[in-house]
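Below you'll find a set of structures to go through.
After this come two complexes, each holding chain A, first together with chain B and then together with chain C.
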Partner chain A sequence: MMLARVAKDKAAGGIMFTLTLLSMVLVVVMGVGLYLKSAPVLAEYSLGDLLLSSSWKPMRGEFGFLPFVMGTIWVTVIAIAMAVPVSLLTAIYLTEYARPAIRKYVFPALDILAALPSVIYGVWGTLLIVPFISERLAPRFVEFSTGYTMLAGGIVLGVMILPLLVSLFIELITSVPGELREASISLGATRWQTTKKVVVRNVFPGLMAAVVLAVSRALGETIAVLMVCGNLPEIPRSIFDACYPIPALIANNYGEMLSLPRYEAALMFAALLLFIVVLLFNLISRVILYRIEKTFF
Partner chain B sequence: MKHLLQALSLPARPRTLAANGTSGKVAPLFRPDRKFNRDEQESELIVQNLNVHIKDQHILKNIHLTIPDKKITCVIGPSGCGKSTLLKTFNRLIDSIEEVRVSGKVLLNGTDIVSSGGSEIIHLRRAMGLISQKPCPLPMSIFDNIAYGCRIHGIRGRKKLRLVAQHYLEAAGLWEEVKDRLNTPATRLSIGQQQRLCLARSLAVEPRFILADEATSALDPISSKIIEELFIKLKENYSIVMVTHTLRQALRIADNVIFMYLGEVIETGPADKVFNNPEHKLTKKYLSGVFS
Partner chain C sequence: MKLKFAEEKFFKILMIGATMTVLAFVVSIIYSILSKGWGAMSWDMIFKLPGGGFYIGKEGGFLNAIAGSLYIVGASAALGLLVSIPVVFYLNIYLKRRSRLAYVARIAYDVLFGIPSIVYGAFGFTIMIYFGLKTSLLGGIIVITLLIIPIFIRSMDEVARQLPREIIDASYSLGATRLETIRVALRQIAPGIATATLLSVGRAIGDAAGVMFTAGYTDSIPTSLSQPAATLPLAVFFQLSSPIKEVQDRAYAAALVLTIIVLLLSILGRYITNRFSKHKLK
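This part shows the complex of A and B:
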């Protein structure tokens, strides 16, 4: 006869396996669902047309996704380019340089920042960043800008992922064993030399993984970006032009699309695109990370 | 080594390393430091009335010591008696401990270590090579581990660094084992090899002292023996301070012994005398294994 606790153990294992499997299947189901829903538009237009055309006139049946793809990529690039250096230096300061008293107050503040709903970042961007760009920054470079620009989107997004990156970086840097620092310092290295050449180097793959996570989040972020980036379906020529990232496109048009079946399919295709981009990005970065780890460690 | 000297256009130091059969002259990579790395002089380490408090605890109590030049000095005593803390005050690693207060003097060539600051500390740490309990190779290749110390002090040039790496790897008895894979990550070495790599890394910045904090306690007996033999060879050129838990090890290699108990130095002197004819009751008890 099987003991009750052994049976429980087996049942627990089984249930957890099923739940894990379920969440895995969910991803596949979502992908397949999106594909089926976007099938009408895929049947009518070639993939090349959809991805490379820049003309977006749903009422006339023209679905070019290039502006949205470019908008998504640029906003994400700006956000990452701004957030990564700042958050890395912040994390280094807090872990390697700051006194414990400072850490005690800054860590909870970071957690609060990370927990703020994104709509608040959007409001902040509309109230502060957008006017700042249209009145102060843009006039120095271009003739006219509404302030609802790719730059505004990038800044808001950058600020949004900043706390996430900082706390991930801190976690990684504190995981570096103290003996490594001591080894470097006892050779006569300064703190900065130790940080740069030993600590950061030691967690480099981890840092990259954290950036990948942040990029994935930035790619999908909707509300805050939608509120500040202008939402014009045109390929942006400068950072002071409006842009229209894919998540914003879906969120903005979700209500009105139902009247036109092809429009609905096109939006579903946008969702599928985002889904694939994030998936591929994660996959490729995993492979790269694996390579890095193999050569350095 | 000859062109190395020429490249640096500095006079050769009459310091030779006889470790592992190699007996080439060590090129002076570094200009002799005015305070800590002065060459001509005997570099005794003199500790005067040293007190260390961490938080509310009195860790080291009124320590008076003289650590002789070019000898192996073993610090023995039960765990928690402040051996490692003593070592950490010598190279100021103690600075990284929170809420620590150090008073008294530790004199190296007449310069006080305790009160030195700024760039002096960097020179001091260079003069005090540290070998820690657990070998701790830096996350880079074997070659870069040795070159690292030279690079942080501003010495460049791959050719030059390669010669340095070879020289000190030979000194640490590791060259033959790694010469064909200098560019592989150092973490792939066995733990005993890693410890010898750490030794070579420390030697490459040309220290005066070697501070070994239970340097063999994580190693297998054979690797421990190799390290001990290396230390005996290295004492020709370096003063070695070794914290050890194993009395037998102290018996084997110590010229001088410091016995510590609860933050105080109980007895100190030549190894022969302390081991065979201890003055203090506590020392006798410790040596006979009453406590450990």
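This part shows the complex of A and C:
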């Protein structure tokens, strides 16, 4: 009887270990799978050609990813530049200043923002942001803009990463021990001085890691950005130009590429590129965040 | 001297402004989806399949997409739970707190969680080609299962990590094995697991990029795993790109249905945590 229990315990442990290992290995399998699929295009063109050429003519076998890389980078930069200050200020307000009653209203709102699917953000973008840019904002700076622009992509993406950033920031800020704040206040510092010089300074590496994590989320966002950014395979010259980020490229061309093996390999290369960048960004930021968690708890 | 008080005021106003901005975005998104979607909404939309000429504005609804989404997410959630629950308990009960494997595993799941769904879609598509599958319900289920497992594990692990060490020790001290201790632990974190499940399902049902090439799109409700399946996010996406106003309106109606489903899951999730935590030791 005793033995049966122990044997059951061991057997269950074995099964659980296998499941754990298998699900972890998915990362590796994914990387290898995407690499094998993109191998034909990697064998034929050098990495430099693929990434630095801007001529995208898949039917003629020219695969220059530069417009897409630039589109991705710019949209992400706009999103981060807008989202980081807003979410940092919001997080500080909610943790250091706001009364519990205020938190009770803001937290569910953030939950809603986090729960909404990306296609909903896309619909919202086409309903509000795109017309706003083409009718109000763009005419002041350029002659004509459809509104389906890099800026629209950046704004929609910025709003999408707000809840992630706010929740990461709040977690970091609350991990700073209260004694540090009290010590600072008792020396005559104002609340903002305490926040700036004690709280934020203490978790600064963590804040950076959180931003990196948000960047990696922004890089892979597909549908919402695809719906508002115009999708023209040219290097954008201003924020009122259309752009074409990598995820949108993959999503838009999947159906038609099957007939051309090299085209498929090129799109798989795009997915591989995205995979590697996101993987690295995630690894770096998670390791930093785990370190911080250890020092405070 | 008084500069620091001026600074304090300035930043406080800035912070309140930032918080208001966030709230304004939430209100604006919900309002625009509600107001646009409500006008196009009718019972036909929810309970009818697309009729002939649906995509040029004739009658019908998007029941196909609602059913497809529910099929895919239901099956994926069931399969995903089969994998994730054992993994979560393995990490938290079988492995020691400072286990190297647990650390590496958590980072691996974090990374998997961070990988964009379009990459899951592309990867899932290569698997399907490898096994000779066409775009189908099965393909969608495979990709969404892969996508949902890290979300499940990550959110449940967060809950399981808050298990009081004392409870586990008490169970061991009574002679229970680790497997038996899981039963004790389960009682503690069951509401948390339910909440994590609902929130993760909410994320999976709204995912469009993953099912785009794997589940395909069709006007009928799939009756077998090898038939393609429509999904709600794609119904929104495709219909919105139509130039015809009636079809676009249906995209808004579909967006409203999707939003309501996701918000209901979210609210239900929070409700469970608040309501059913009586077994929980603080």
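Simple rule for what comes next: the second predicted complex is superposed on the first by the 257 of 297 C-alpha atoms of A that agree within 3 Å, B and C clash if a C-alpha of one lies under 4 Å from a C-alpha of the other, contacts with A are read in each partner's own complex, and residues count from 1 in each chain.
Definition applied: a residue touches a chain if its C-beta (ideal position, glycine included) is under 8 Å from a C-beta of that chain, and two chains touch if they have at least 3 such contacts.
As the structure is a prediction and not an experimental result, all values here were calculated from the model.
Among chain B and chain C, the chain that touches a larger number of residues in chain A is C.
In the superposition on chain A, contact of A:Arg262 is made with neither chain B nor chain C. When the shared chain is aligned, chain C comes close enough to touch A:Val106, but chain B does not.
Judged by the touch definition given at the top, the superposed model places A:Gln193 against both chain B and chain C. The interface of chain A with chain B overlaps its interface with chain C at residues 189-190, 193. Taken together, the chain B residues at the contact with chain A in this complex read 91, 93, 96, 98, 122-123, 125-126, 128-130, 132, 134, 136, 138-140, 148-149, 152-153, 185, 187, 198, 201-202, 205. Partner chain B is touched in their complex by these residues of chain A: 100, 177-190, 193, 197-198, 201-202, 296-297.
Remark: chain C residues 4-5, 7-8, 11-12, 14-19, 21-23, 25-26, 28-30, 32-33, 36, 83-84, 86-87, 89-91, 94, 101, 103-112, 114-119, 121-123, 125-127, 146, 149-150, 153, 177-180, 199, 202-203, 205-209, 212-213, 233, 236-237, 240, 251-252, 255, 258-259, 262-263, 265-266, 270 touch chain A in the complex. Residues 5-6, 8-9, 12-13, 15-17, 19-20, 23-24, 26-27, 30, 33-34, 37, 85-87, 89-90, 92-94, 97-98, 106, 108-113, 115-124, 126-128, 159, 162, 166, 189-193, 213, 216-217, 219-223, 227, 247, 250-251, 254-255, 267-268, 271, 274-275, 278-279, 281-283, 286-287, 290 of chain A are the ones touching chain C in the complex.
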